[in-house]
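Next come two complexes built around chain A: one with chain B, the other with chain C.
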Partner chain A sequence: MQAQPIVEAELIGHANSVPASGPPPLVEFRGVSKWYGPVIGVNEVDLELGSGITGLLGANGAGKTTLIKLLAGQLRPCLGEVVVCGKRAWSASAKSHVGYCPDADVFYEEMSGRRFVLTMARLHGFSGRDARDRTERALAEVGMSDRADRRLRGYSKGMRQRIKLAQALVHEPDILVVDEPLNGIDPVGRRELMDLFRGLAERGKSLLVSSHILDEMDTLADRVVFMGRGRVLACGTLREIRDMLDNHPLHLRITSDRARDLAARLVQWDLVRGVELRQTGDLAVQIHRPNEFFRRFGDLVLDEGLEIERLQTTDASAGAIFDYVTQEARKI
Partner chain B sequence: MTTNAAPAPHHVSTAAACLHLFFLSLRRQFFSRHTLISAALTIVASLIVVGWGMEGATKSVRRFTEEIVVLVHSAFLMPIFAICYGTSGVGSEREDRSLVYLLITPLPRALVYISKFLAAALLVLAWTGLSLCVMCRIARPWGDEALRLFWPSLLLGGLAYASLFHTLGAAFRRGTIISLAYAFFLEGLLGSMPGIVKRVALSFYVSCMIYDAGADHGVGPKVAPEMFLPVRSSTATAVLVAITIGLAAIGLIVFARREYRDLS
Partner chain C sequence: MAIETLGYRGWSGALRWPWLACWPIVRTGLWLVLRRKVFWLLLALGLFNFLLHFAIIYTKATISVENPRAGRFLDNFRVTGTGEAYLDFMFAQGTVTMLLLAFAGSILVGGDYQQGGLVFYLSRRIDRRHYVLGKLLAIAAIVLMITTAPALALFLEYGMLSSSLDYFLENPRILLGIVGYGLLMAAVLSLLLGAIASWVHRAVPLVMIWAGIFVLLPVLGENLRHVRDNRLWRLLSLWRDLRMLGKSFFGSLRVERDEPELAYWAAWIVPAVCLVCLLLLVRRVRAVEVVK
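The block that comes next holds the complex of A and B.
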C-alpha cells in the first residue's frame, strides 16, 4: 500500500490529511456546518482528503453519514463549502469524480446485477459499447462477472454490496465514498472487499470508508477521521493520533528473558509512568512519548543484550484510540 | 477480484444519458402496478359504457358526453391515470429510495426531472387517449363524434394533471395521498363553487373546452351560464398549457433544489 504522508494530525479541531506541498487535495471541506432544523449534523468541519484510504469512524449520530452525503452531493452545507476536484460537491459536474456506494440496500430490484451496473454507466452518459465495457470491468473488479445475470432481488447481502460497489466504480471515479461497506458481509467477503479497497488506493484513488467496526480500520485505513457530535475529533494515522493522547499513556506488554532486570531499568525512566510484573512473567508498561521511548528501548536492548520475545501495544487499536479521543472530547 | 488496466479515453453525452433515463423511466413505470390499475379501470369504464349502451333511453352525443365523457372519463379516469404515473415519476423512486442512484449521476437535476416528467406524461397521454378511444368505439356512433370533438381537451387536461401530480410527487413525501385529496376532494369542492372560485380547478378549464367543442350538440353546463361563468375554449387552452408548463417549471425548481434526506 502506498503510504500517504501526513502533515499534521490534530485532536479536537481542524484536521488536514494531505501533504502541504503535494498535489491539491481531491476533497476539501471548508468550514462546513450542516443543520437539520435545530439539530446539528456536522459543525465547522475543515478536512482535506488526498489519495489513499481514509476511515471515517464515529458512534451513531456522530455526523458520519451527513459528512458522506455532503461529499456525495446529496446535501448542501448551511455554512462553508465542500469542494471535489475544484468543483462544489452539489454541482452535477463534481459527481463525475465521485463514486458513491450508499448504505441503503436498495436497487432497481427487477434488474439483473449486470443490467443495473450497465444502466448506471448509461446514466453517466457513456455510449452503449463503452458502457458495456465499463460494466464488465467493474463487475470483474468486484468479482461478480460470472454471477451478475441473476435478478438483484435474489442476491445475498454480500453480492448486493458488490454490485453497489460496481455501480460506484463504473465511471472510474477519483473518489470512492463507501458507507458501511462491511455490514453483513462474511469474513471471506470482508477480506476480498478490503483487498479491493487497497487495490483502488494503490491506483491513486481516494477512498472514504465509514464504518462502526473499528477493528477493521486498523488494517484497512491509511488514516482515520474520528467524529463525534458533528465535529471532527481527530484526524491522521492511528499512531499519530495515539502519540498525541498525552493524558492516556500507551500500554505495552513486554515479554523478556530478564523481565525483572528490565523492569528495574524502565522504572527509572521519566518516560515510563508505571511498570507491573505480571504472574505470567510479562511486563505491563505504561509510557509517554512513544517515539522517544522506543528509541531508548532499542538502545537498551542492544546495550544489555536483552532477549525480547514480545513487544506489543495493547491500546493502540482504532477502538481503544477512539475511546480515548471520545473521552478527551467530553472534557471540552 | 482482479485489477484492470485504465480504460481508453471516453466521451460522455448528457443527451444520451437523458434519453436513457427517459426510456428507463418509461419502462419501469409501464411495467408497474400502475399499469395494472389503469388497465383495470379502463375495463371497468368500458363495461359502464356497455351498460350505458344497453340502457333503453334515447342516446345522443350530448348524453354520451355528459354521462360518460365528463363524469367517467374527465372527472375520474383522467385524474387517476395522472395520479398513477405522475406522482410515481419521482415519488415511487423516492419511496423505495432508489432515487439516490439518479442523484449521484452527473446529470443536472433539472434534466433528471424533465426526463422523468416526459416519460410519465407520455404514459398519461397514452392511457387517456387509449381509454377514450375504447369507450368511444363501444358507444358508436355517438362515441365517434365525441372522440372527434373532445380528444384535444382530454389530452390537454391529462397533460396538465400529469404536470401537477408530478410536481406534488417531487415536492411531498406522501405525494399520492395529497394528489388523491386534491383530485377527488378539492377539485370537486372548488369546481362546484359558484362564481369565479371554480377557476382555480383544472377540471373547470377541461369542462369549458368540452362545452365549447360540443356546443353544436347542445353540450353545456348543467347550471346556468351565469352561475358557471365559462371561459372561451381558446382561453381554457391557453390556461391549461400555461399550467402545464408552469407546474413543470415549479416541479423542476423544487426537484433541483431539494435535499432528499431520507434516501439512504
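The block that comes next holds the complex of A and C.
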C-alpha cells in the first residue's frame, strides 16, 4: 500500500529521531503494517520507544490495541517488523522483555489473584519455588499481597487492574505494555495506578500506556504517541508536538494588575497573533513561537514591573493537542 | 544485533522448555473443572461403575478361593479379567465421559475465547502450539481419568487377587489394549471437544452439539440402517467407531459378523474426524488475530 505524503511526517520525523550518542531504543517498529482482511489496523508505522512512560493516545479504532498487540508479540505484522531489545517481537526471547497487561479484565473468575499470577509465572517457564517467589514480589509491587487470596470474581476494577499488572510484572520485564488501564476506574483508583506507573518508570522500566482518556496523560506520560486511522500522527513530548503545530497558535490566559497596558504592548509584537481583553480582566492571547514569546514576556514583566497573577496555557493539554493533530491529519 | 551490544541486561532467569508450559495449562484446566460440584457428581457416577466391577472382581476372587469350581464357572462370564470385560468397562465409562466433557468444554476451552483469556496465555513465552497442546492434554487427562485409570486399577486388582501373578505375564495384550484404547479415546475426544468448544463457547449450545454427535447421530444411524438396510449407517456413531478401533489393541477378541468391514471404514472415519477437528482448531486459534 502506497504511503501518503503526510504533513505529520515532520512531527514524526522530529520526535522519533534518536540521538546517535543516546541509548538504542528498546522497541522499534520498522515500516509496520497490519491488515485484518480488508481492514487496516496499523499503516506503515515507524516508531521507536525508549525508557520512561510513553502514552499511546487515540480514539477508539485508531489502531492502539493493534500496535500494542504487535509489540506484545500477539500479532505478526503483514509488512515490516517489530523489534524488542534486538529480537523480533513474537519470539520467546522478546516476550521475556515484555510484560503485557491487556484491556480484557475477565479471566478465570474462580481463581484467586495469587493463583492467577502464579499460573502466569509458571507458564512463563519458572519452576515451582522461583515462580512462587516472583509471584509474591509482583503482588507486593502492585500492593496486592494482602488481598491476593480472594477470588477474582470479588475484585473491584482497580484490584483487577493491579492483578493484571502483577502478572505482567511477574517475569520482571524491561518493557511494560498496558492497554487502557484507566478505563472504568474511579478517580482515586486512577491516581493510585498512575502513582504505580510512575514508580515503575522511576525504577527503570519502560512503559507504554494506551488510553483514550487524554487528561491523565498530561501528567503521567513523559512523551506521547498520537494515533489516528492506523497511523502515528505525532510523537514526542507534548511540548515538542505543540511547538510544531504552527497552524494553531498557542492560547494563553494572563491575569495582570495592568491588563489593558499589557494588551497594548503585546499586540505590537509579531509573535502575538491576537489579544482579547475579557470582562473578567483576563487577557486571552494567541501566540506563535512560544519559547521566544516567553523569553520576551519575562523581560517585559521585569522592565515594566508588571504583576502577573496568572500565566496559563489553555490548549497545551494532551486533549487539545490531540484535537489539533487530528485536524491536521484530516487535511491530508 | 546481540542484545548485549545494545546495552541491555541479559535475562538471568532459568527458564524451562516452552513445551513444559503445557503442564500448568493442564493443571489449571483440571483445577477449574474439578472446582464444580457437577463434575464431582459425574465423577462419582463413573466411580460407581468402577466400584461395581471392583466388588465383582473381589467377590470372584473370594469365591474362587473358597470354591475353585465356582470360580471356573464365573470365568464363563466376561465381567472381569478378560479383554472384552475391560473393553466393555471402558465403553460404559464413556457415557460419563461424554457428560463430563460436554460441561467441561466451555470451561476448559470456550472460556478462553469468550472471556479473552487467550491473550494472557499468548503473552507468555509460549505460542499457539503450546497453548493448543496444553488444552488438548487437559481434556485428554479427564478422559484418561474416567476410562483408562479405573480400567488399569481393575487390571491390577484382578492380577493381584489371582492365585498367582502370572496373570500379568500372560495378558500383556490386555494392558496394551487398555492403554491403547484409552489413548485413542483421549486423542479423538480432546480434538473433537477442543475444536467444537473453540467455536461454540457457551455451555448450552456446546452440550447440544455434543449430544447431537453422541446421542442423535447414533440413533439416526440405527434408524437409517433399518430403513436403508445398510449397516454402514452404524458408523455414524463415533463412540462405536472408537470401540471398534480400540478393540484391535486388545488382540484377538470375538468379533461380530459385520464388524471387520465396519472397522475398516471406522479406521478412515476416525482419523478424518481428527483431521477436520485439528484444522478447525488451528483456524480458530489463528482467528484470534481478527479484531471485531
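We take it that the second predicted complex is superposed on the first by the 314 of 332 C-alpha atoms of A that agree within 3 Å, B and C clash if a C-alpha of one lies under 4 Å from a C-alpha of the other, contacts with A are read in each partner's own complex, and residues count from 1 in each chain.
As a working rule, a contact is a pair of C-beta atoms (placed from the backbone, for glycine too) under 8 Å apart; a residue touches a chain by one contact, two chains touch by 3 or more.
Remember, it's a predicted structure, so these values are computed and weren't measured experimentally.
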Fit-or-clash call for chain B and chain C when the two complexes are aligned on chain A: clash
Partner chain(s) touched by A:Asp174 [first = chain B, second = chain C, both, neither]: second
Touched partner set for A:Pro102, first chain B, second chain C, both or neither: both
Touched partner set for A:Arg122, first chain B, second chain C, both or neither: both
Partner chain in contact with A:Ser93 - chain B first, chain C second, else both or neither: both
Touched partner set for A:Arg137, first chain B, second chain C, both or neither: first
First, second, both or neither for A:Asp195, with chain B first and chain C second: first
Touching partner for A:Cys85 - first (chain B), second (chain C), both, neither: second
Partner chain in contact with A:Ala264 - chain B first, chain C second, else both or neither: neither
Chain B clash site on chain C (candidates 63-71, 135-143 or 153-161): 135-143
Intersection of the chain A residues that touch chain B with those that touch chain C: 36, 65, 69, 72-75, 92-93, 95-96, 98, 100, 102, 104, 106-108, 110, 119-120, 122-127, 130, 167, 172
Residues of chain A touching chain C in the complex: 23-24, 26, 36-37, 41, 65-66, 69, 72-75, 85-87, 90, 92-93, 95-100, 102, 104, 106-108, 110-111, 119-120, 122-127, 130, 167-168, 171-172, 174
Contact footprint of chain B on chain A as seen in their complex: 36, 65, 69, 72-76, 92-96, 98, 100, 102-104, 106-108, 110, 119-120, 122-127, 130, 133-134, 137, 140-143, 167, 172, 179, 192, 195-196, 199, 203
Complex interface listing, chain B residues touching chain A: 1-4, 6-7, 10-14, 16-17, 20-21, 24, 28, 31, 96-98, 100-109, 259-261, 263-264
Complex interface listing, chain C residues touching chain A: 1-3, 5-9, 11, 13-18, 20-21, 23-25, 28, 32, 35, 111, 115-117, 119-127, 289-291
